[in-house]
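First chain A sits with chain B, and in the next complex the same chain sits with chain C.
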Partner chain A sequence: MAEAVARRLLKELKDYQKEPNPDLAKLSPISDDNILIWNAVLCGESDTPYEGGHWTLRIEIPKTYPIHPPKIKFLTRICHPNISFKTGEICLDILKTAWSPAWTLQSACMAIRLLLSNPEPTSPLNCDAANLLRCGDFMGYESLVKMYTQLYAMDQQENETNS
Partner chain B sequence: MNMGGGEDYSNSVTSETSKDEKSEVEIASKEEETISSVSGLEKEENPTENNITEPQNVSTTAETAPVSSPSVEASKPGDTTEGETTANAAQEAQITSQQNWEYEQSIKKEVEKTPLVCLTEDIQKLYQEYEQGSEVYRQKIMKLAERHSKIRRCRGDGNCFYRAFGFAWFERLMDSKDHHLRQSALKSLADTLPLLNKAGYQQLVYQDIYEEQVEKQMKAVANGEYDEAMLLTIFQTDEISNYIVLYLRLITAAYLKLHREEYEPFLGFEFGMDQFCNSSVEVMDQEADHIHVIALTKALKVPVEIAYMSGSDAMEQVNFHEFYPDEDVEKGTVPLKPLVLLYRPGHYDILYRRE
Partner chain C sequence: METHIFPLLALADADGLSYRGFITVKGQELPFEIQLENGKSLRNAKLNGSPELKRLLFGHEKALKQRLEQCPSLTEFFIDLKDLLERIITKEKREPMPDESYYSKLLSELDAVGWDKLESLDPSLKSLTLILNDSSSRKHKIYITLSFSYPQTPLTVHIDLPSSASKMPNPTINFNDVISFYSKEVEKFQEVWSMLDDIDINTWVLEPDKPKRSDMSRRIALGNHCSLFIKLDELNPKKICDYTLFGAESFIAPLRINIAKNFTNWNPSLSIRQNLEKILEINFPSPEESSDFNVACGICYAYRLDDVIPDQTCSNAKCGQPFHQVCLYEWLRAIPSTTQTFNRLRGDCPYCNDTIMLIIK
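After this line comes the complex of A and B, so read on.
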């Protein structure tokens, strides 16, 4: 089993390296010794308040992957209704009960990137961000997100506040 | 501003603020699904058992939820104690999600007592299950017993159709000892690689599972390396068994995607085929419906007959649905005898026909 997951992950790594994804600045294991823990760096989408930001994700892969989903959380602080500001935990169904074994680490990261511009304020991990959206204060929401993006996600060198 | 205010929710899997009626209903309906997948029988058979009757309460709450929601909504705009309300809501949601979680765990534990695939049992055992229960079921089992001698149960974890299909197929090939049948099964299996590729699945998603798990096991069966006990061990081992289920799910999804014009009309308006496959076919533990059965039998060219037993049906005979792939059988070859499955609401087991 452990072999199977390692083989699969090496294939994913090669696949990413062969065809780098401009929206995903990095996707690789954190060390050569442990292929079950990866880091990824998400690039914020243009024309959204996340534009210009880079967020590091920590990916923990279970030995039963891809039957079971990887655990993914933000290491870089981010302001988003479905992501915990403190712990970086992500509330996204495909990372839990709706995980499809046809996904890859890369597609999971891209789903998280998509979540950034498609927040679901009814299931908040960050109530303050969600409340702004729920009461329709989009201006306030966007400027808050922008502020935190500038504060934490613009300088790639020092953005791992939660590691 | 307290940006960490949402951390109270961190235990909740999906979304459970009490303001969110939609999610409550979703959770409840998910629970109902879980129940029906545990066993369609127990619900009718053991009405006294606590953990079986519980969900009915839950679903009742869910049905009433939309009624109570307007008052919650009303208190929202301009409410000065918003923070407090949120906190209370969070607490309530916490309880609900906690109970929900405990309940799901208790079901899971109960379900996991059954091996993934069991030893065969005499069909009389099935009859005995209903001795205190439904007369209709007893009648139907009597009818069933005329032509069927044994039943082999599978764990009711939502994967039972795929697992029952996989086991029954492998076992049929093991027992047949027909070289040609075995080779054509291997070929059908090999043909699923281009199918998956054409349907847009990345090779890295399926190649290893095919080579290292499914094909390897099928070859061992074809070479006569397995007996019943060994095959059972294979299917009772989580990893191998789940990989086989996963591969069968991918084949099912690929077939549906490549024949979307034909099958999309059955999905209802809210779903496109890709979304349907992504949420209801590929995902482990999601139950199989008619459309899944059609797709898998056609993709692998394996005939299946399913005995449908439901308590609500007053007819005293069991309806068999035949899923025969419409391929032209090559001349001079003996076609594979259909696999026989038993369906009771939400669950599949394997049946054995009298010789």
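After this line comes the complex of A and C, so read on.
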């Protein structure tokens, strides 16, 4: 089964390299010896407070992939109601119960990117950000997110010290 | 180089690039010479030696090359070379050479059968392949293995034929007997092979990957992830063959109706392919026109997984995604919404979330 995982991952890598995704600046295994740990770099959507930011994701793939979902977390700090500010853990149904083998690493990363502009404040991992949204303080929320984006996700070097 | 380990090897030029002398293995002193490239790298070094040394190293070129690439220094290479030679010599002592009658008989047999029939001969002279042309000029390979005590012991013969082919009744030492026996035997299957060749050329055969002459079954692609599995009767190929249809029920059902309707029109004077096309009322897609449609498993993304092809499909006509039996089983077992009744698993298709059913084999 382990060989089948490697084969599927290589195919996913080839698909990504064949058609690079402008919203996903990077998607590749971190080293040649271990295909089960990948890094990805997400680009923030324009016209959102995340615009211009680059976030590094760490993807850990279980040996039972794609039956079980990959574990994805943010290495770069991000301010978002459903992402833990401290650990980078992501609360997203497709990474847990709603996973299906029809998802790929690339589409899962794109789902995370979509989560950035569509937060779900009812199941927060970052209560401070979620509370601002729940109170309806959109201006406060946006400026908070923009500040953290500028602070952590704008400078590539800052990015690396965090990872 | 540390000369005390190999006292018989001496530097042969002023630049330190070539060594000449003897390498001592099990009491034998073998003349040997090594010429390094500039920069003293071992990678492209040229080796030379006595005919005896060359004979010992014959067939070990790969190991030798690997050692040249890996050894950090010349001394270590010599130690490895000595080690390799020692192992070759001990192995040789254990495997005595066949005596002269073995070789003379082998040569006279090849003279008798004709050298044009010899396709390949193992360098050890212990096995060979003969070519047999049948009446439709299909080539058949006959694999012959000679035992050490040949010609006292008979030949071991292997040929790729359908299961109903008879084996040679009496063991023989003659190549000509083998050829004449099997040229009669292959004629039994001319008809079924023409049928199968017709299928192999004109349809897209999914399975087996590279059909052998003994393979009587074929899985033919029908398009839309559906396929038809047939097994021909090797001695009576014109009669209606066993068939199974695979694929989404919505595509398969009309084909089943066609078969039931046209069953009586089976015409023994046509080929199997023509009959099948007539009865199913379809034309088989050729490999060129169907190469673009996705037949890989939706879970592992591979087509062949341990030589098995995806034979389960989602029955939703809009989805029709193929899966391997094992992959789909793993997936259905992993999700909590799956229910099991006897040997049937019922759960959600990973792609369209429609109910998909799997019979546990």
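Assume the second predicted complex is superposed on the first by the 159 of 163 C-alpha atoms of A that agree within 3 Å, B and C clash if a C-alpha of one lies under 4 Å from a C-alpha of the other, contacts with A are read in each partner's own complex, and residues count from 1 in each chain.
Here is the rule we go by: a residue touches a chain if its C-beta (ideal position, glycine included) is under 8 Å from a C-beta of that chain, and two chains touch if they have at least 3 such contacts.
Here the structure is a predicted model, which means the values were calculated and not measured.
Applying the stated clash criterion after superposition on chain A shows that chain B and chain C collide. Once chain A of one complex is fitted onto chain A of the other, the partner contacts of A:118 are absent, as it touches neither chain B nor chain C.
Measured by the number of chain A residues touched, the leading partner among chain B and chain C is B. Legend: residue contacts after superposition of the two complexes on their common chain; A:11 is shown touching both chain B and chain C.
With both structures placed on the common chain, the touch criterion links A:86 to chain B but leaves chain C unconnected.
In the superposition on chain A, A:31 makes contact with neither chain B nor chain C. Once the two complexes are laid over each other on the shared chain, residue contacts for A:98 go to chain B alone; chain C is not touched.
In the superposition on chain A, contact is made by A:66 with both chain B and chain C.
Only one of the stretches 8-16, 62-70, 188-196 or 314-322 in chain B has C-alpha atoms clashing with chain C after the fit on chain A, and that stretch is 188-196.
Of the residues of chain A, those at positions 4, 7-8, 11-12, 64, 66-67, 100-102 touch chain B in one of the two structures and chain C in the other.
Taken in their complex, chain A has these residues touching chain B: 1, 4, 7-8, 11-12, 15, 64, 66-67, 79, 84-87, 89, 91, 93, 96-102, 104, 120, 122-131, 135. For chain C in complex with chain A, the touching residues are 298-302, 305, 327, 330-331, 334, 348, 350-351. Chain A meets chain C in the complex at residues 4, 7-8, 11-12, 64, 66-68, 100-102.
Those residues of chain B that touch chain A in the shared complex are 1-7, 9-10, 12-17, 19-20, 22-23, 77, 82, 86, 201-202, 204-205, 208, 212, 239, 242-243, 246, 249-250, 253, 278-279, 282-284.
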